[in-house]
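Notes for the one structure printed next.
We just call them A, B and C in the order they show up, numbering each chain from 1.
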Amino acid sequence: SLPGKPALTRCRSPEKETFTCWWEPGSDGGLPTTYALYYRKENSETVHECPDYRTAGKNSCFFNKNDTSIWVNYNITVVATNSLGSTFSDPVDVDVVYIVKPNPPEKVAVTVLEDKGWPFLRVSWEPPHKADTRSGWITLIYELRVKLEKEDEWEVHLAGQQKMFNIFSLRSGGTYLIQVRCKPDHGFWSEWSSTSYTEVPDYFQRERSV
Amino acid sequence: PIGDLLERASQRSDRLHALSTMLSQELDSHFPPIGRVIMPRPAMCHTSSLQTPNDKEQALQVSESDLLSLARSLLQAWADPLLLLSTSANTLPHPGQSRISNKIQELREQSKSLGDGLDILSGKMGPDARAVSLLPYRGGSDLGQDKISRLINFNFLLSCFRRDSHKIDSFLKVLSCRAAKTNPQMC
Amino acid sequence: SLPGKPALTRCRSPEKETFTCWWEPGSDGGLPTTYALYYRKENSETVHECPDYRTAGKNSCFFNKNDTSIWVNYNITVVATNSLGSTFSDPVDVDVVYIVKPNPPEKVAVTVLEDKGWPFLRVSWEPPHKADTRSGWITLIYELRVKLEKEDEWEVHLAGQQKMFNIFSLRSGGTYLIQVRCKPDHGFWSEWSSTSYTEVPDYFQRERSV
């Protein structure tokens, strides 16, 4: 039968300079099916085909710097084709500025400090280097999560625009895992950064045994 | 919405001017501050014939379409000279030559992207905004034969771009705030 | 002897509408010495004298709105004169757009709020009143710093263009000092604002005694 209807599932840009879209194929109708992505820019009638199906892997289309414009909407459609014919996805309108999902924060550092005999963790990080926060134009907000190695539950803290955060609610000594992520004002949370580990000595036993 | 596009445009123009400032500082780093000869200005900037406001009062009286037209005219006037700066950067007698080359390349990319945006914006802001004054660059296709004149002319051309990119940035920020009814917090 | 050579040491504009230059007199050669500042605008041969030696105090010249143009180079020289003759400073080229250093932010207000039982500070401020940010003539980004009264180390946070910032990383109860400064998109950081003090109650003791 004709191929099932494909669906454009996601488009993301890491830094408003390039972007990638992914699609979900429909049923293949039992016949060899090929997929193509077509797009038209706002107030232009010219239809273009995806410039690069490979860079971002299977069922994806990558738009490099020259193909990416932050000034116009992209009207995007995916087409599934087999020997019996073609089936079109619903078209999706994409504005690159609103699909930004930055890379995770970098240089996450954790130090154990003490305040009136109590340990706390000072976590600091840097924005992803590609995000142009120098000028103060793009504002990123951050979130961090911490948990003891042997536990399952993460404790999440919103850090606003800060690039450092103190965690006081330490329950006991042990190995703590810390991750940080970020989000631009219009956009999506990044993935969590790689995990930072830190050892907190056992203050608490000593406190109670005294 | 125009306000949105203007905010994006002024972010790009901010970046463009910041880049030109970094480039000027990179270039200056080579000239010993003590004996620094005040760089001769071989001529007037090729865009100086364009009448632009010279203080806040004048600038705030210029209409939206004229502000955009000024910004577009200045930006388009730099397409050729930026290409000249780019080709000359490869053989610039300066220790920071390769960094300068890369930054000029980024300058051209940002300039092109901003130009695309202003073209689209002018399409949405009426015929007056589409008017562009032609400011041809008549400085020839190279910056001179000997090392010193090449450095002087490179530095002079860059100082002109730095000033014009500041004008473009200022005009777009005034425009962006006029249109910022959607985001008053930013102005 | 002839007066020593004066030097133009600094020129600053607080809001891209007026500007002031200061000079350092040379040795006075043992004779009564007077100082004058002359300037010539780019592409003009006319030499003007400083319009106002008083407003900005000793060894200074103030250029009000009518005397100030931007995107034009001012070629400025200071002349020291006594009965034996005159000595000229080195000339300096100044374009007002590159010498902007705003006044500090104003009306800095700090309130202690609570998020899931933990205190945080909400700091808000206004731009320096002389800087016309509303028309977009000047665009400011802000930075704030906070520290506990008894400590030396300030914690610095970049706040971008916003005029409000939440500080989550409070260490413990006590008196916190907060200052804010601003920088134009292309210019110099202002001085820090006057210090705002705020008391944070001792949440932390209550937490541990449970």
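Rule of thumb we're sticking to: a residue touches a chain if its C-beta (ideal position, glycine included) is under 8 Å from a C-beta of that chain, and two chains touch if they have at least 3 such contacts.
If you're wondering where the values come from, they're calculated on a predicted model, not measured in any experiment.
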Inset, instruction - Report the topology of the inter-chain touch graph, choosing from line, ring, star, complete and other. - result: complete
Legend entry - Contact-richer chain pair (by C-beta pairs counted) among B-C and A-B: B-C
Inset, instruction - Between chain A and chain C, tell me the centre distance in angstrom, where each centre is the average of that chain's C-alpha atoms. - result: 39
Inset, instruction - Could you grab the centroid distance between chain B and chain C? Build each centroid from C-alpha atoms only and quote it in angstrom. - result: 26
Legend entry - Computed distance of Cα centres, chain B from chain A, in Å: 34
Inset, instruction - Would you give the residues of chain C that are in contact with at least 2 other chains, written as numbers and ranges? - result: 161-162, 185
Legend entry - Touching two or more other chains - residue numbers and ranges from chain B: 14, 18
Inset, instruction - Would you pull the chain A residues touching chain B in the complex into a rising list? - result: 43, 65, 69-72, 97, 132, 134-135, 137-138
Inset, instruction - Report the residues of chain C in contact with chain A in the complex, numbered from low to high. - result: 115, 141-142, 155, 157-162, 165-172, 185, 204, 207-208
Inset, instruction - Flag every residue of chain A that touches chain C in the complex, lowest number first. - result: 115-116, 118, 120, 122, 133, 135-137, 139, 157-166, 168-169
Legend entry - Sites on chain B touched by chain A in the complex: 4-5, 8, 11, 14-15, 18, 109, 113, 116-117, 120-121, 123
Legend entry - Interfacial residue positions of chain B with respect to chain C in the complex: 14, 17-18, 21, 38, 41, 44, 48, 52, 54-57, 59-60, 163, 166-167, 169-170, 173-178, 180, 185-187
